[in-house]
Structure formats: structure tokens, C-alpha cells
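The following pair of complexes shares a single chain, chain A, combined with chain B in the former and chain C in the latter.
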Partner chain A sequence: MKKHMSEQRKKEIMAAYLFLLPTLIGYAIFIAGPTIAAFTLSLCKWDVLTPPNFTGLSNFRRLLHDARFLIVLKNTLIFTAGAVGLEIIIGLIIALMINRGAPGILRYFFRTTYFFPVIVSLASVSIVWQFLLNTDFGPINYYLGKLGFDRIPWLSSSRWALLSVIGLFAWKNLGFYMILFLAALQSVPRQLYEAAEIDGASSWQKFWGITLSLITPTLFFAIVIGLIGAFQLFDAPYIMTEGGPGDATRTLVMYIYLNGFRFLKMGYAVSSSMVLLAIILICTIFQFGVGRKWVFYQ
Partner chain B sequence: MGFLSIIKSRVKRHKSNIINFVIFLILILGSIIIMLPFLWMFSTSWRLPITSFDLPPQWIPTEPRISNYREVFETIPFFLNVSNSLKVGGLITLGQLLTCSMAAFAFAKLRFPGRNFLFILLLASLMVPLQVIIIPIFILMRMLGLLNTHSSLIFPAVVSAFGIFLLRQFFLTIPDELVDAAKIDGASYFTIYWRVILPLAKPALSVLALFTFNFYWNEFFRPLILLKSYDKMTIPLALVQLSGFYSTGSVSIIMAGVSLAIVPVLIIFLFTQKYLIEGIALTGLKG
Partner chain C sequence: MIKFTKCMIALSISVALVMSTLIMANAQKKVSLEYVFFGSAGDIPVWEELGRDFVEQNPDIKLQVTAIPGETWGEYFDKVIVMVAGGTPPDMMRVAIEGVQLCISKGLLLPLDDYIERDKEELQDYFDDVHPRMIDCFRWEGKIYGLGLEWNNMSIHYNTELFRKYGIDRPADNWDKDEFLSIAEKLTADLDGDGRTDQYGYGLWNAYFAGSMPWIFNFGSNLLTEDWKESNANDPKVIAAMQWLQDLIWKYKVTPAPASADVTNLFVSGKLGMMGGGRWPCLDFANAGFSDYDILYWPKVETQITEVGIGTIPIFQFSEHPEESWKFLKYTLGREPERYFANLGWCMPARRSLAYDSDIMTPPEHFRIFYDSLDNSKYVPCPPQYNVVENIWLRYLGLITANEMTAAEACQAAHEEISEALTE
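Coming up: the complex of A and B.
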């Protein structure tokens, strides 16, 4: 009997590894291997054509003194803060408004409309917005002109370009956060509000005390997802401004692309991608570590 | 109830009606802002190319013409680009459904040494952004002679830690008794996976399929790096090429191309949005 059992255990273990085999092979070749290679390459100087040269930490030392890298890092941080702030705040406000006001069919209509840009490619909408925002023949400046405003060089001045990309990104993604928040709002038990009303709580108190504190897990999840997505921005500035004017909209990922695939400085490009890895690592640790303490879980 | 309190509750109800109406107006205004760019894109795609830059924009083109759409097909191999995107997106989706469901089955329903370790290792890979591994992958594909092939896009994308995580969460909700009962009936693990688990997991599988297909249909960064020739390009890349050709010539032809890419997405979206939205809500609440 005992022998039979252990035979069955063996069979189960065998089966488990067979089921995992495709994933493990793919993981080794396309994720683990390249990650290790990336760490190694970040310590090398390599132009693809000649064999790589081990240079230790010199790539990272160069990054610290690379004025362009610091501009790019600053752009990425400004973009991320602006885009994540906007998409989450507007997404939350719209979710609150839909949750309060809209009955059946309207709720469906609004949800569908706000969500639609989320599933369209960023490349497509970047092309459309590039023309909408054109200084001289774009419809936006045309209508602003009708209202008596001066033309705004949305994409062609370094003052406006990054803001325009932030706006586009928030416009495209706020529907995603709206859906997350709508689901969270619907999971808040109604009795809590009724109890608070009996206690004479104002709408404002109900919002801070019940709604916001009960949706903090979702809010936190949304912020982390948003940060990770925004730090990887590439498509929109690549298509709309090519990083310009000057370096005004060049992001960290655009700089990685530029160094790696235009200047063929592979080692240097990989070492700047390590900075991205570090940022994302910090965001994730933040979620798992600090987040658990701050967030109110049911 | 006293007279005063009746008035008070009337005023309160009246006030909340006004607030609801204002909210409604804001929501309508917001949806207009969301949809106008698409409307502009579509109406511009029907304008006469020479006058397509003229202002004011024609929201309803005075002389709509289909020639812009014909021009798209003459400038870029659009049908080929669509079939490339279908091929890449479709095969990645099929591959992910298979590998992720197999791995998720092992993680959710089988006991084996190293289960937690392997699962954490997989989850950790979610933190490694694509941009860190894209250069090693580019070099690998170059060594294998796979640059400018669809395989270079498909193979690295067939494994997905997100997909495994999503499906595992769903499989955990399927009672173990079902698996045990099948085992007693003498079913092999493969039969349990294929005949018991997969049919029950259809909702989760369709959510993963929709997410994955949409993501790779829209993908831009990897195709930009790994593909070179026009006949291999997927739709987003081809549209950027088209936009480059005509950016000073005619915006109407570019918008015809973008419309061709977006209108099918809109139609599919109207049918599948329920699953997409439920999927996002589910991952959000679980996260």
C-alpha cells in the first residue's frame, strides 16, 4: 500500500514538471537568460561589431555625469508624476460620478465611451493627436482661436510638449482606472453608508471615512500599475515629437533605444535600462512592503 | 412630520437632483472629449486630400470620397500588415493560453517540491521591464538569424507570468474534490487538465485571450526593433510609416489608414467589452 502511494506521488511530481516544462524552457531562454546577460552587458562596452569589453562600473559612472541622461531622467519623472496623477484622479472622479448618478443604460454608455481609448493602440492615437495638436493647422488651436486664445505650440515648444504628452496619456488611460475604481466602489457595502447617515455623517465625511478608506487597496494597486506603465513610456513621444523639441520629451526608454539601436552603444544602453529596473523594483517593494501597512484591508 | 421638516427634505431632494444633473452634464462633456478625436479622424479620412489641412475641420465632409482608403492600400501593403498582426497576435495568444494554463494547473492543483520557489521566481520576472531584456533578445535573435521574422516576436512572448498568475487565481477557485473524483475514476493528469479544468476555466481563458491579443495587436516597441521590411510589419508600425509618407502631403489619407485600423477594434470592442471590463475589475480587486 505504502509503495503504491509513493508511486502515485512520483507520478504527480512528474506530471507537474511536464506541465511546467514549456514555461520553464521559455522562461530560461527569454527571461532569465536575457536578464543575466543584461547585468553582464551593463558592465561592458560593446558596439555589436567588435567583441564586448569588460569595463566594470564605468558605464554607471558615466551615466551620473551624462547631462543628457539626467535630463531624460527628469523628463521621465515629471511625465510619470503628471500622467499617473491625472489619470488616477480623473479616473476616480469619473467613477464616483458614474457610480452616483448614472442609471442603467447611461452607466453602460459612459463606461463604454471612457474605456474605448484604452484598447486602441497608443501608436494610432499618437498619430491622430499629432495632427489635432498641430500649431498651425490643428483643429484644437483653431477652436481656441475662435474663443480668443493665442495659438499654443503644443508639440513644438519645449514648454508645452511634455505637458501635451502627459495629457494624451491621461486621456487614453483614465478609462482603465475608472473601471478599476467602479468595481471597487461597487464592492463597498451599502449598509455602511446607511449606518453613517443614521449617525448624521455629512457626504464629505462619508466620502473620506467610508469610500476612500475602503477603496485604498485598489487605489494603491492603481498607483503602482500606473507608475510602472508610465516609466516605460515610448510610443507617444517617439511618434509625436521624436523626443523633441531638443530633448524636451525624451524619456528613459527613448534614451535606451537611441543609445542601443541608433548609436550602437549596447553596454551603455543596457546600463541605463538598469536604472529603469531599479525604479520598478522600488515601486514593487513599496507595494509589498510599505503598502501593506498603509492600506486598509477588509 | 412637521411642516418644516417636509420643506427641508424637499429642499434636500431638490438639491440632490440638481447635483445629479450637473454630474450628468460633466459626464456628457467628458465623453465628448474622449470621442471627438476619433470622430475627427473618421470625418477627415473622407475629405479631399488637397484640402484636408484646411480649417475649419469638416465634421461632416461636404464631398466624401473613398479614394483616400484606396490610396492607403496603394501606399502600404495594408492587407499584409493586417494578416501579420493577426498572425503574431493570434499565435502569441494561443501559445499563452496553452503554456499559462498548463503551468497554472500545476501551480494550483498539483503538489511538487519547489512549487513555491518556482512560483515566486516567475512572479519576480514581472518586475523585469521589457526594455532591460530587449537588447539581449535582439542579440539572441540576430545570432539565430531570426531578425525581421515574426518568430522573433512570437517565441519570446509565449511565456507570461501575468497569464499564469491570472489563471492560477481562477483555478484555485475550482474545488479540489473535482480533481480527486476524476483521479479516483482513473483519469490521468492530462485528462483532468483537458477535460475537467479547461472547460470550467472558459471565462478566465477568454479574459486572458482578450488581454493578450489586444496587447500584442497594439504592440509597438518590439516590432520596431525586431522587424525591418514593410511586408513583415504589423499594423501600428505600418501606420507610422504611412504617417511619415504623408505628413506634409495629406492628413486625410493618414486618417483613412488609422480609421481602417481602429474601426474593426471598435466593433470587436462593442461585443467583448463586458469580458474585458470584468477581467480588469477582477485583477484590480485581487491585486
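Coming up: the complex of A and C.
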């Protein structure tokens, strides 16, 4: 009997591995393999046309002294903090407003309206916003002029260009976070609010103690996903400003593209991407570590 | 009877098999030439139409046309190089002077000297009908890698309707930058009285070929040394040219900041009195139904030189069909294919006879300026590291035109970066 079960067990295990095999092969070919290849290339000098030449850590040493790399890294960090902060705060505010017992048809209207930019491609909206933000002929400056303001060089000034890209990115994505938070808000038990009202809790106390506490898992998810997406920004600044003026809106991914596909310094570009990978990894691990203290799971 | 029927069926099947094998074998003999060009997928039919007669004359050749989109020539070359690195190089590509040295230095192009020598009688009509500038730029270390198919220069396009409205006469051919500025100031206006400029005198491209280079040339200098091996970006004359551009925007206020200027559209909608361009904007003008324009030589500063860029269709070193590729190149240099190409309006035809043909070249009225300017022209500087140099220069040009760096600081910084790039 035991011998029979052991053979049966072996067959089951074999069947499980066979079912897993396509996924494992796909993972090896499309994820693990390229990652290992990328790490190897980051240790080489490679111009794409000739075979790679192993150079050790020289690419990484060069990054430390590359003033442009430090500028684009700073831009990326500022962009990420600004865009993710705006997306989450405004997304939450709108979700709270929609959740305040609005009639069904109005709720549907606002949900659709705010979510619509999410489903349009970033490249398309970037082209449209490039026109809207045109300093001399764009409608935004036109109406600002009617209100007595001077023309703002939205895309032609280092001071305003990055803010413009942050604003566009936040505008485009806040609908997604609104939907996330709306779903989370609607899962908060109403009895908790009733109990709090009986105890005389203020609106702020109800929000802080009940609402925010119970949606922390969603908030945590939103922050993690938001940061990962923001760190990889390419489309909007590439279309709207091409990274300019100068390097004012150039992000790390744009710099990787520039080095790899324009300057044909693929090894150097890959080393930059390894740094980006490390940054995202460290941020995510940090969030998971800190999240244990502030995320409340029911 | 049944036996006879079976025999007939077997015979018919055998014949069908043999015929289909013969057809397949014949089909496999057809050579497929892949040709790539800088443009959008919507332009593919244009090239297929150009090659229609060629394919009919050469039934053993199939022409496959691929478009490679991009914002700049640098982006286009990057993608072609990636194709080569990925093991899928085309047989031929349309390339402008901007990429020729880049491609030659990477060993990508096939020298054409032997083919030219062998077929020189056939090509004599072409050589007799083109300016030497059409070929000189494709010489590298004594070998020829291309023959000019088309080209563009930089002229000043002006809105004839606006000139009439403001009582401005067409300047003489040897007009200078002071007259240019005077006209630009007359054309700059606040049309609705709200204190903001709605119409500018001149539109500036934030571009390598079409933006700063014509001014640098006419200020008597060049971004690189004449052999394109060293940077010249910190030359006082280059700095003066960049200061001039910065002043046009921020001091004289006759030019909108390039980041906010879609030059062609603004010109067509009457918001710009003048703009720089070769023949390529004429196609956009025609598509927009706009014909109130004419052209002028670039205004004289220290000199009056035209910047030119020449395009060709070189053959890749890796092409498995160099002979067929050479056939296609010769075909495109013929009179009728060139006429077809010239009628499209993208660029100037290499052939003088077509460039002076008013049926093809008007508007503008003074189209002869295009070809006449070749006698006093200079190639846009395109070293093998063009993709890097272009990127560096555009970055600093953007900072100059955004008034975030002085011309001197920007040119010095660009000089240092370009110098480093040219030594790599």
C-alpha cells in the first residue's frame, strides 16, 4: 500500500512540474535570462555592433562621476515624489467626495470622468498637453492672460517644465487611484461609523481612526505601485520636452535610452538600469518593512 | 476503363506536382530587396510607386519598403544600427549626409567605385546633370559610398501676404541681418491689443540643421572645424551667432521660444512672417493649401553661405544582393524617377534640369534660388559621431533659447562635451 502511494505521489509531483514547466521556461527565457544578461552587460563596454568587451566595474565607477546621471537621478526622485504624492492625495480626496452618498447617476458620472484619462495612452495626452501648455499660443496661457496673469513658460523653462510633467502624470493617473480608494472606502463597515457617532467622534476622528486605518492596505498597495511606475517614466517628458530645457525634465529611463540607443554605449546604459533596479528594489523593501508598522489588516 | 481512369488521375496529379514544384522553384529565385527610409508608414506607398516601374522591368526582384519613424535623423540612424546589430540589416537605406560618415565609420556601407566605373556610360547623363556637391559629400578616404538623389538647403521662407499688408518690399538677394531684423520687427504685432504678441516676425527651429547652423555659417564660422574632427563650438563667432538667436527671442522679441513653436504650422496660420527651411516645408504648405509664400537667400552677416544636406540610397555592406541593390540605386537616379520624387515636394531633385523646371518647383516663385545657392554652400557638419554631437548641441541650444544659460557659457560647455565625444 505505501509503495503504491509513493508511486502515485511521484506521478502527481511529476504532473505538477510538467504543468509548471511552460511558466518556468517562459520565466527563464523572458525574465531571468535577460536579467542575468543585463547584469553581465553592465560589466562590459558594448557599442551594439561589435562584441562586448569586459571592463569590470568601470561603468559603475563612471556613473558616480557623471554629472548628468546625478541630475537625471535627482529629476526622477523629484518627479516620483511629486507625481505619486499628488496622485494618491487627490485620488483619495475625490474618492472620499464621491463616496459621500452621492446619487448613483452622479457617482457613475464622476467615476467615469475621472477615470477616462487613465485609459487614454500617455503618448496621446502628452501631445495634446504639449499644445495646451504652449507658452505663446496655448489656451491655458490665453485664459490665464484673461485673468491678468503673465504667460507662463510651462515647457520652455527649467523651473516649470518638470512641474508640468508632474502635473500631467498625476492628472492622467489619479483616476486609477480614485477607483482603488473608492472600492476600499465602500468596504469599510458602516457600523463602525455609527458606533463612533454614538461615542461622539468628530468627522476628523472618524476619518483618521476608521476610514484611513481601514484603507491602509489599499494605500500601501497604491504607494508601492505608484512609485514603481513613476520611477520608469519615459513617454511624457520625451514627447513634451525631449528632456529639456537642457536636462531639466530628463528622467533616468530617458538617460538609459539616450546612452544605449543614441550614443551606442549599451554597457553604460545597462549599468544605469541596474542602478534603477536597485533603487526600486530598495524602495519596495523599505516600504514593506515600514508597512508592518502602519498598515492595518482586518 | 477503370484502369484507364486511374492512370489519368495519377498522371494529372503527377503533372500538377511537377508544375507546382517548378512554380515554387521559380518563385524562390525572386530576389527580395529590403529598403528602409526615414518616415511614417503612410509614406510607404510613395516609395512603392517610385519602385513600380523598376519592379516591372526586373520581375526577378521584389522590393520591400519599410518606414522607420523618428523625430530626428539621429533617431533614424539609431534604429537602423539596432537592425544591423539584431542581425536583420536591410539591403539599402535612405540616408542623408547626417548619417553617412556614421555608417561608413562603422563599416556598414559598400563602396560603389567599381560599379560606377563599370557603368559609367549609363550614368553619364546623371553626372552631366548634377552639381559636384551631390557626390563630394559621399567620398571617404578616396572611395565613393553614395550618389546624391535629393537634397535640401536652408532659405528664408516669407509670407508674401504679410509682406504686402505691412508694405514690405521683397529684399534684394544680398540682404543682411540688420534688414532681416528690421523686417522681423515690422511683422511682430499685438493684433488684439491685449499687450501680448500674437504674430512674430521669425520662427526658429530648435534643430541642428534647420535652427542654428545657417546662422553659425553666416556669422563666418562652423560648429566643428572644417574637417569635422574637432569642436569649434567656443569660437567667438559661434557664440555671437548664438547670442543673436537668444536676442531675437528675449531682446528684440521677434521670435517665439522654440519650445513653444511648431514653426511650420505657425507660418501656415499666419502667425509667423518668416521661417527658415529648405524645400521640405513646401510639401506641408501644399497639404495645408497655403501658397502665399516665397523664398530668399539667408541674410548675410559676415558671409552669405547656404547650408546644404544631400540624401542618397547607399548599399549595405551586408547586403546579399549588392548587384540588385545597385540596379535599384541607378534606377532612382534616372530622370523619370527623379521627376516623380521632385513632384512629391519633400526635397530638391539632384538633377539640375529638374530643379529649374517651373512645373515641378513652383511655388515658390523664386525657386531657382534653391539650386543657385549650391555654388556658395557648405555641408551641414556631420562627423561619424553625429548622433552624439547633435544631441549635445540641441541640449545647449535649448538652454540658450530658453534664456537659462548665456551663449558664451553654453557654447563653452558644449565645446567640452563635443570635444570629448569626437575623441571617443
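The working rule: the second predicted complex is superposed on the first by the 290 of 298 C-alpha atoms of A that agree within 3 Å, B and C clash if a C-alpha of one lies under 4 Å from a C-alpha of the other, contacts with A are read in each partner's own complex, and residues count from 1 in each chain.
As a convention for this text, a residue touches a chain if its C-beta (ideal position, glycine included) is under 8 Å from a C-beta of that chain, and two chains touch if they have at least 3 such contacts.
The structure displayed is predicted, hence computed values, not measured ones.
Trainee: So in the superposed three-chain picture, is A:155 touching just chain B, just chain C, both, or none of them (first/second/both/neither)?
Mentor: Touch partner of A:155: chain C, not chain B.
Trainee: Is A:241 in contact with chain B, with chain C, with both, or with neither (first, second, both, neither)?
Mentor: second
Trainee: More chain A residues touched by chain B or by chain C?
Mentor: The larger set of chain A residues in touch belongs to B.
Trainee: Look at A:34 in the shared chain and tell me whether it touches chain B only, chain C only, both, or neither; answer first, second, both or neither.
Mentor: So A:34 only meets chain B here.
Trainee: Looking at the overlay, does A:263 come into contact with chain B only (first), chain C only (second), both, or neither?
Mentor: In the superposition, A:263 touches chain C alone.
Trainee: Is A:97 in contact with chain B, with chain C, with both, or with neither (first, second, both, neither)?
Mentor: Touch partner of A:97: chain B, not chain C.
Trainee: In the overlaid three-chain picture, which partner chain does A:189 touch, first (chain B) or second (chain C), both, or neither?
Mentor: A:189 contacts neither chain B nor chain C.
Trainee: Going by the contact definition given at the top, which residues of chain A touch chain B in one complex and chain C in the other?
Mentor: 48, 137, 261
Trainee: Quick check on the complex: what are the chain B residues that touch chain A?
Mentor: For this pair, the touching residues of chain B are 20, 23-24, 26-27, 30-31, 33-35, 37-38, 40-41, 53-57, 98-100, 102-103, 105-106, 110-113, 115, 118, 121-122, 125, 127-140, 155-156, 158-159, 164, 189-190, 193, 214, 217-221, 224-225, 235-237, 239-240, 243, 251, 254-255, 258, 261-262, 265-266, 269-270, 273, 276-277, 280-282, 284-285, 287.
Trainee: Would you pull the chain A residues touching chain B in the complex into a rising list?
Mentor: Touching chain B: residues 11-13, 15-17, 19-20, 22-24, 26-27, 29-35, 37-38, 41, 48, 94, 97-98, 100-102, 106, 109-117, 119-125, 127-132, 137, 139, 142, 171, 175-176, 179-180, 182-184, 187, 217-218, 221-222, 225, 228, 231-232, 234-235, 238-239, 253, 256-257, 260-261, 266, 269-270, 273-274, 276-277, 280-281, 284 of chain A.
Trainee: Hey, which residues of chain C end up touching chain A in the complex?
Mentor: Answer in residue numbers: 71, 74-75, 78-79, 81-82, 84-85, 106, 194, 196-197, 200, 256-261, 266, 271, 387-388, 391, 394-396, 398-399, 401-402, 404-405.
Trainee: Enumerate the contact residues on chain A facing chain C in the complex.
Mentor: Those in contact with chain C are residues 48-49, 134-138, 145, 151, 153, 155-158, 241-247, 258, 261-264.
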